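Take a look at these structures.
You will see two complexes here that share chain A, one where it goes with chain B and one where it goes with chain C.
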Partner chain A sequence: MATNKGRTSSFSRNFSAAPTSSIPGLKYGPNGTIFLSSGVPDLDSGGFHLGSLVMIMEDTEAPHHMLLLRNFMSQGLVHNQPILYASPSTNPRAFLGTLPTMLVSKDDRSRNTDAEQKDLRIAWQYKKYLGENKPHIEERDGKVEYCNEFDLRKPIEKHLIMGNRVECISLLDCSSLAGFRNSCSKFLSQLPRYDGNITSAGRIAIQSLCAPQCEYFDKEWDMLSFIRSLKSMVRSSNAVAFLTFPASLVSPSVSKRWQHLADTLLSVKAIPDEDKELANLLTGYQDMLGLLSVHKVARFNTQVPVILDATTYSIKLQKRRSLVLECLNQAPVDGSSGSSYGTSGSCSGSSKTGTLDF
Partner chain B sequence: MADAICRVLRDGALEGEHATSLTINDSVDSPFGPIVFDYIFTQLSSYISSGKSQSRGVVLVAFSRSPSFIVELLKSRGIDITTTHEWLRILDCYTDPLGWKERLKERGAIKTPSTEASLIVNLCKDVRNLDDLFSLIIALGKGLVGEGKNRFSVAIDSVSEMLRHTSLSSVASLLSNIRSHAQISSVFWLHHCDLHDMKTAAAFEYMSSMVANVKPLSTATNVLRENSENLSLLEQNYKRGQFHASLKRRNGRVRIMVLPSFSLNMYTCTHHTQAHIQCSISAKKCEEFSIEQSLIKFTSLSAGKNETAQSLVPKVSFRHYRIYPFMSFFYVQHNSGYMFWQVQFNLQLSDKERSDRAKVVLPFEHQETGKSVQIYDGRRSVTEGKHVSSIEKLQKQEDPGRGEIIYFRDSDDEMPDSDEDPDDDLDI
Partner chain C sequence: MDRPASFLDEALSLDDGDSNNLQPWIGRVVLVEDCVETNGAFVLHHLIKRFLSPNLSSSDSIVIFVAFAQPFSHYDRILLPLGDRQGEGVPSKEAKRDIGDMDWRDLVTGLELAWVGGLGFAELGCNLVVQRENKRLIFFDMLMLECPDDGVEDGIIALYGNIQKAVEAVSSLNKNITIMIDDISLLEVAANGSTKDVLDFMHYCHTLTTQFACTIITVIHEDIYSSADHFTLPLQMEHLADIKIKAEPLVTGLAADVHGQLTILNKGSSDGLGRWKSKIRNFHYRVKENSVEYFYPGGRT
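Up next, the complex of A and B:
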């Protein structure tokens, strides 16, 4: 799902120019699909399919799923998309104060000088979807970008979370999931899908659906049937449902069923701290917070599978503020002491590293 | 190791964060969870009573031990009992958890037992109502530290007892409410993980920022497969064990600490059991501390003494991946299936390999040792009989484990006394 560099081949289909979406935050994709941004630029090779169910398998030892959730919700607020947020806390609205704001980089002003180079990059990247037309994506001068970068150190502007833009539900109040299902149904009824033009799109964000403090925690089949009904409701509406759950807290068979229900399935993993072996194995270990793995990517209106360049990415914070995903890179092969093979030139055996001792 | 955990509990939580929480897991194979709990409780109490911690007081929810045990424990650790009313409250869920004695008292069947005067103990008569329990805990805590920004800690001994009376989701809800309360600095609890299913243990780990596992030094199945002489290892399980801890750091990484062995010397006194805890820290630094007569002493161990720890070091594996060195390939597998291949050709010789190589006798007839060496060339010669003794001596000089080069001359293929000139095929 990260940018596929160098995937264009001479045999790529010549897509007819797809209509550029007039609605900010939506993008037309191949096979009649529409995309919604995930809020993480590295995760958006298109985005999330409208009408899909995205699931994140949490790691109980790390809160990385919250980074993805925050970016997802902030992106929706920036694009003025209605959001339904549910979490197992007594006051879910307090979470909105932790959503990040858009990153305004200093390079924005100087972008125009690099426009030509940038345009090439954009055109090449999105050629698969939009043919010869240069997309309106990433326009400057005050127009809305499809996918923004977010500054995790600063909270979102208050005017974006005021009012009724975000509906918050506490999962602790739901003794069974029937009430929550009704709330979702009511939310999605505002965003029906017709064959005509889309007027708006919405987002549902559910955090830690099977948290142990919820009353329905023991009712695994109820949770499964809720997810099935959510998936079917979302499929027939203009919304994306983003759901995180700690997979280790449900029984393995139910967890598998849960994973199968997802259209797009990601998982996050914690990494051990101060681990020398991992530091030797991977470059950039010091900056890594965790690992993100893509298990499944949604396929709508197509039988062609999405083949990714890599399925595991490292989660990093660039300059401690914006979320980036990078492919894993192996550290250079080295001898015993960590310097790379090419550095030592002598074969006399005087230095310890990288010498060939015949 | 345990001190590191105590320090994290002492430092508590930042503003807006959930309270630091610790789960102590043990099992019947290594049932030292209560002793570890006591150790951490007394450490935290000493920090609190001396004013060195974020929290100003601690509320102990006692399910499995009576308040009088707590008093004795604090006394044995040298903590002044008379000042406990300033920083300690005990919620007694041990004496009458379901209110049966209360009903008997009403009928006059039993009398109220006396409690230590200096200790403030509140009795809980219905542990099934966790909402009331939560309110009681908060009320006790606020009674200790007052309103406002002052914080207190909560210790629960143990959640396994709670789960006997209520469901997991209500216990989890209680713990989650405790963690998210603004005035609670840290909370820790004991959990006997073999009494419950995996889901329960996973749920408690989910809610903890630190997990401490008390494990046996060797499992019974391992021992039985080996010699019966190694049954002493089973006995060791009653005195020693392994202590694993993992801390969730704020940056999302997990710090894993392993203490390959800790040992306990248990002996019973007239009224209570006093436990000595010895912890040995492995790898680069060996440290042992023992508690004798309520005093902790740290002594450093040399590597030779603590061989058990050293031998256990290579077996320690990180939770999230294992390394399998296989010839010259390193294959790193993550539990969930991440695979990283790193092809590394190991061109360095180990010391043993180097010495073996030095001992190999090369098939040169002149070895520069001053005497000629007869290399067996596949032909028995007349002179062989004379040299047999020298060959035998040579062979005896070889170490059994050194490399050999077996060399057969090409001239072996030739029949002796052949008419062919071996140089016929040369075209000069």
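Up next, the complex of A and C:
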């Protein structure tokens, strides 16, 4: 998320002097905070505060929240972070096969090929012994990427989702949320927060917590109580909880309570196909999948609110494979005719020159 | 040069004209209303700093903080650098003189020292750890409080009991006692949605205002109830409150230099002639790391 860089007084802390984290996939921020990546580069001017609860309000018309969820989980796997995943599915583990793999650019591919050739020349006979023991964290120029791009067309490597890396829980098996709360507590107990250096971080990903097919769906106060305790547990751990929920399926009052509980609050919205009005209004409408809005950004150890330059972004797939978020641009309006240039698809200047032609 | 009075302190009748001699509240109930877009916690931070500030007459205050929203470390970190400064940090002559006259132990206690441009000055902070050790701050961490389904009433009664004991323990010290609750919308969640028990709790706390002259300050998320079918809790709280502070966004939304607007309804304003009347103030604010700037619309320089 692009953060607003306002004027700073002589008393503002020197954020640039913050030390870089030695743990892959983490970085230090101001006010003693630590961030981990959302898995979406355009959402990562900082990332998600470690210890925070991130909530996504779903749109029941389109599954755009799943794009964010997948990238969040894939990023965690790439950084070797333990993940707890829960969904209202009978077989949540099957979802792991849909997680995207890292996007490798052509430059990286040729660089890797050169490096591999070099390795082969030096120690080709030992390459066969490198397999699952090979470090999973990809590096560029010797540095671990904080945030990677992911190729949504290709599934993540199998060895990343094997074993105990990802603990999966079906919310359909939960008659109440007490058992799930215990599972979260047990998972987070492995990632306690102490003052000083942290050694590891983890992720909790909960899909559609208040799905109607869950037995506890009509117990609104139980769900609120669970979220409140999850937030408290995560706050005292080295983890980020990422939770999506269909806001329209709970009462407005309860939805507001959920929103207040979130440290970071986003929402996704579908946009109708072939909407001529929107096409005239927005540049690049044809390439948009939906809209993402940022309602609240976590503020840890500070009272200063984060005011973004823009709070609504278009969700697009670049080259049909990687998720990108772009600020909305209004299509230029032709002042003489009153109609926009939106249908032309370009921002070229008018052929007519007015009295104030810059 | 006198420190300019804060609009907020003036509106809350905390400032009697001498900004270095803030008048403490006695037996008042203050309600802070906020919403998702504009969080009102900065008002609490401002008031904690005021009541626990070491060199003001309100240093005779004790704060009992009941936290449902954030851990102790969050408030401690926020309040540590907060202080009273002139402009960009040049201290007033009075502040420098006061610091020079102060015992070095007082300087260390609750103060954070910094240097700017060769000038030494003391940034009057609020070290909550020190205040807690000095028994001027009693902090109840209620983040994990949950009342069992069949024991909500007992849980709420136990919570009130702890607060009452804390008040009784310090009442003999002849200090002004302020109870802060952050926030009662989360207390409702802890009480499994039992609005009746939460209201009973607040009514019991209200008795402390008359019995021990306590002041109660609480936060409520107004937008939760504006979209609900029932308004019992906010209406009752507004009825109990002597002062209502509402933080909300501007009609035009939020901006980098204006974070929202505060509307303050002070029901108990005395005009000095024995008459009490309500006073409404409205101004804009911008929250900074170390302070909050208040200004009238269009009045920000």
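To be clear about the criterion, the second predicted complex is superposed on the first by the 283 of 358 C-alpha atoms of A that agree within 3 Å, B and C clash if a C-alpha of one lies under 4 Å from a C-alpha of the other, contacts with A are read in each partner's own complex, and residues count from 1 in each chain.
Keep in mind that, in the parts below, a residue touches a chain if its C-beta (ideal position, glycine included) is under 8 Å from a C-beta of that chain, and two chains touch if they have at least 3 such contacts.
These figures come from a predicted structure and were not determined experimentally.
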| item | value |
| --- | --- |
| Superposition on chain A - do chain B and chain C clash or fit | fit |
| Partner chain(s) touched by A:His260 [first = chain B, second = chain C, both, neither] | second |
| Which partner, chain B or chain C, touches more chain A residues | B |
| Touched partner set for A:Ser229, first chain B, second chain C, both or neither | second |
| Chain B versus chain C as contact partner of A:Asn31, first or second or both or neither | second |
| Partner chain in contact with A:Phe300 - chain B first, chain C second, else both or neither | second |
| First, second, both or neither for A:Leu103, with chain B first and chain C second | neither |
| Partner chain(s) touched by A:Ala279 [first = chain B, second = chain C, both, neither] | neither |
| First (chain B), second (chain C), both or neither touched by A:Pro246 | first |
| Touched partner set for A:Ala62, first chain B, second chain C, both or neither | first |
| Closest Cα approach, chain C to chain B, once both complexes are overlaid on chain A (Å) | 11 |
| Contact residues of chain A, present in both the chain B and the chain C interface | 251 |
| Of all residues in chain B, those that touch chain A in their complex | 167-169, 172-173, 175-177, 180, 199, 202-203, 205-207, 246, 248-249, 251-256, 318-321, 323, 330, 332, 334, 336, 338, 340, 342-344, 347-349 |
| Complex contacts: residues of chain A adjacent to chain B | 60-64, 88-90, 172, 211-218, 246, 248-251, 267, 269-275, 277-278, 281-282, 289-291, 293, 312, 315, 328, 330-331, 333, 335-336, 356-357 |
| Sites on chain C touched by chain A in the complex | 36-39, 41-42, 45, 71, 73-74, 77-78, 81, 88-89, 114, 116, 123, 143-144, 146, 185-186, 189-190, 192-193, 221, 223-225, 227-229, 254-257, 259, 287-290 |
| Chain C partner contacts - residues on chain A that touch it in the complex | 4, 6, 9-13, 31-32, 220-221, 224-225, 228-229, 232, 235-236, 251-253, 255-257, 259-260, 265, 295-296, 299-305, 307 |
